[in-house]
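One chain, chain A, appears in both complexes that follow, with chain B as partner in the first and chain C in the second.
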Partner chain A sequence: MWMWFAKLGSPRWFYEISTKWLPWLASAMCILMIVGIVWALLFLPPDYQQSFTTRILVIHVAVAGTSLAFFPLMAVAGTITLVWKMKLADMVAKHAAPLGAWFSFVTLATGSLWGSVMWGTWWEWTDARLVSMLFQFFLLLSVVALRSAIEDPDKSAKACALLSIVGCINVVIIKYSVEWWNVLHQPSSPLSTSNGSANGPEFWMATGVMILAVYLFFIVSLTLATRNEILQRERRSQWVQEIVRTS
Partner chain B sequence: MLEAIQFSSLREFFEMGGYAFNVWSVYAIFSIFVLVNMLLPILRKEKIIKELKRRASFEKAETNSVREP
Partner chain C sequence: MDQVTTIEAFTATLKRDLLVAYKRKNDIFNPFMFFLIVCSLFPIGISPDPARLGEIASGVLWISALLASLLAMDSLYRNDFEDGSLEQLLLSPHPLYFLVLAKNMAHWLVSGLPVVIVSPLVAYMLSLPDDAYWVMFLTLLLGTPILSLLGSIGVALTVGLGSRGLILAVITLPMSVPVLIAGTLTVQEALNGASLSGYMAVLGAMFFGSLTLAPLASATALRISVT
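Moving on to the complex of A and B:
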């Protein structure tokens, strides 16, 4: 068990295993993304009330759902950094923050573009879901800023780890905001059997494909960024110099 | 399968039932988001490898010049 744990924390092990896995993950991501987008754009039947705007929700739901994974991931990585001082965990956390900010921004932008025609407003300050998602965006930006503000890498890793653990509270608020305070944003719709409605089986299948595609995109992009970090931090080691020589 | 397509003409497809601006903006934002976050790390890797190669050749030249005299 501990052997396995130590191996998992080794940047070299991660780099080598991800070299093997990345082509497969990236191809699966491309296929699912193309299937999801073509399905949503061409084949999704219009909703009887929302017409073709459900095509926006396919993207919005997938990106928004994935955006909630960032703080828990960074909190787990941060705990590992604080307790075991594992180098790899901090590298993942470092690159998760800016990517998470992207995810939150796209969630807000796509949600706004849907809300502007379906709610008749781009933004509503009294809606807890909207505001807590905006808060997550700023919180992730502040993690990025905190990282670059503290020069000592050990201290900045610790500070970011703490902020990430605290930030998880906001994820719970985002998740349950639609049930605790019911303003504009609707709760997650249960599956309906009617195909002409926004939450029909076709919608959820297309969205399911898109959720998988976006999750894979999140994993692939974060892995690519982490691999770059490994190359830089381990540049003095024999195995990185070997990679540099042969590439 | 083709009869399941929800549009009868290309123009209808672009119009998106009158929600063209919102639907196409979302797909444009999403495409940029995916492309940027895939391409940036790939380009950065090339830059890092180039930089490390340069440094390696520099260090090699340095150790050679030390050995010579």
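Moving on to the complex of A and C:
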């Protein structure tokens, strides 16, 4: 078990194994992405209440679900960085933060597109999900900002690891406190009840395909970014120079 | 050589920090002034109408206290970092947790407590309804230490950096959201005449949670930043 763990920490091993896996993952992602997007945006029948706006939701739900995975991922990677000082964990965490910020941004953007049609407003403070996603977006950006502010790579790795752990705990607290705030601050809004219930099996199947596709997109893009980071940080090692020479 | 107990080290750090603050009185005076000035900008910027001011007063007081605490944060470790005494603190055999706690406590006594004490006066100027004075005062009394403890993590992470100001705000402000929510909600509910024990319990839980966990994170952050 510990051999496996030590292997996983080696950037070289990760680079080689990901070279084998990447074509499969990437092609699966492309197929699912095309199927999902074409299905969702062109063929999904209109909902009897929401007409064609559910098509936005298919993408929105998939991206939103994936965006929630970033802070836990970064917190786990951060713990590994701080405890076992594994280089690979930090390389993953470094690229997870900006990617997570993008996912949160796309979630907010698709959500307000949908909201502008269905709720008649682009932004609504009475919806707890919007507000907590906004603050998750800010927290992810603060990790990115800290990363670029500290020049020493070792120091910035550890500092960002700690901030990710604190941020992960904080996102949960913010989520619950924003919900609490919403319940108590305003009378319950008529807005948030209108989605979800009326969607048929087709909607959920398209959404399922889209969720898989977006998760694969997240894995593939994170792996690609991590591979670049490995090449950059290990540029002095022999195996990287060999790869560069042969390519 | 006599052994120094951890409690002695804690009080020594606390005393030293209070003494240093006393000698450079600006550190006490500036956050306090900042709080007063920001609070007095709101009536000018929004409306002098007492009814409208009374509605937003609790939010204004809380956000101003949050910003004052943020601006005061920078002085928490910076001078000690620059003159090297922070490294001595890290080298001491005592748990860093208690030393960090002592520094946070001294810092709050100097920069947070004056703000809390003056808050009823400002609340009067912003025409907060009378019933809410005590609640306002109590929430700030419980809340500003949480802000200091959370801010301390951000300062500890950025202590060695050249340009700290903005990055500190970017890190700390989103983390303060739950405290802001709990604080302002409590005051709002006091105005509505609701029972407050639950709200105070949430604030108290946040206080004790950050009292136990935040200094741990600050201590780890200091060990990362100061090498």
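One rule holds for everything that comes next: the second predicted complex is superposed on the first by the 217 of 247 C-alpha atoms of A that agree within 3 Å, B and C clash if a C-alpha of one lies under 4 Å from a C-alpha of the other, contacts with A are read in each partner's own complex, and residues count from 1 in each chain.
In this section, a contact is a pair of C-beta atoms (placed from the backbone, for glycine too) under 8 Å apart; a residue touches a chain by one contact, two chains touch by 3 or more.
Please read all numbers here as calculations on a predicted model, not as lab measurements.
> Taking the superposition as given, does A:69 touch the first partner, chain B, the second, chain C, both, or neither?
neither
> Which chain, chain B or chain C, is in touch with more residues of chain A?
Counting contacted residues of chain A, the larger count belongs to B.
> A:155 in the overlay: touching chain B, chain C, both, or neither? Say first, second, both or neither.
second
> Have a look at where A:212 lands relative to chain B and chain C in the superposition and call it first, second, both or neither.
In the superposed model, A:212 contacts neither chain B nor chain C.
> Just to be sure I read the superposition right, which of the two partners does A:117 touch: chain B = first, chain C = second, or both, or neither?
first
> Touch test for A:22: chain B only (first), chain C only (second), both, or neither?
Neither partner.
> A:41 contacts which: chain B (first), chain C (second), both, neither?
A:41 contacts chain B only, not chain C.
> Sort out for me which residues of chain A touch chain C in the complex.
Within the complex, chain A touches chain C at residues 82, 135, 138-139, 141-142, 145-146, 149-150, 155, 158-159, 162-163, 165-167, 170, 173-174, 177-178, 180-181, 184-185.
> Once bound in the complex, which stretches of chain C touch chain A?
153, 157-158, 160-161, 163, 167, 170-171, 173-175, 177-178, 181-182, 185, 188-189, 217, 220-221, 224-225, 227
> What residues on chain A touch chain B, complex-wise?
On the chain A side, the touching residues are 33, 37, 41-46, 51-53, 55-56, 59-60, 63, 99, 102, 106, 109-110, 113-114, 116-117, 217, 220-221, 224-225, 227-228, 231-232, 235, 240-241, 243-245, 247.
> So in the complex, which bits of chain B are touching chain A?
4-7, 13, 16-19, 22-23, 25-27, 29-30, 33-34, 36-38, 41-42, 44-45, 48-49, 52-53, 55-56
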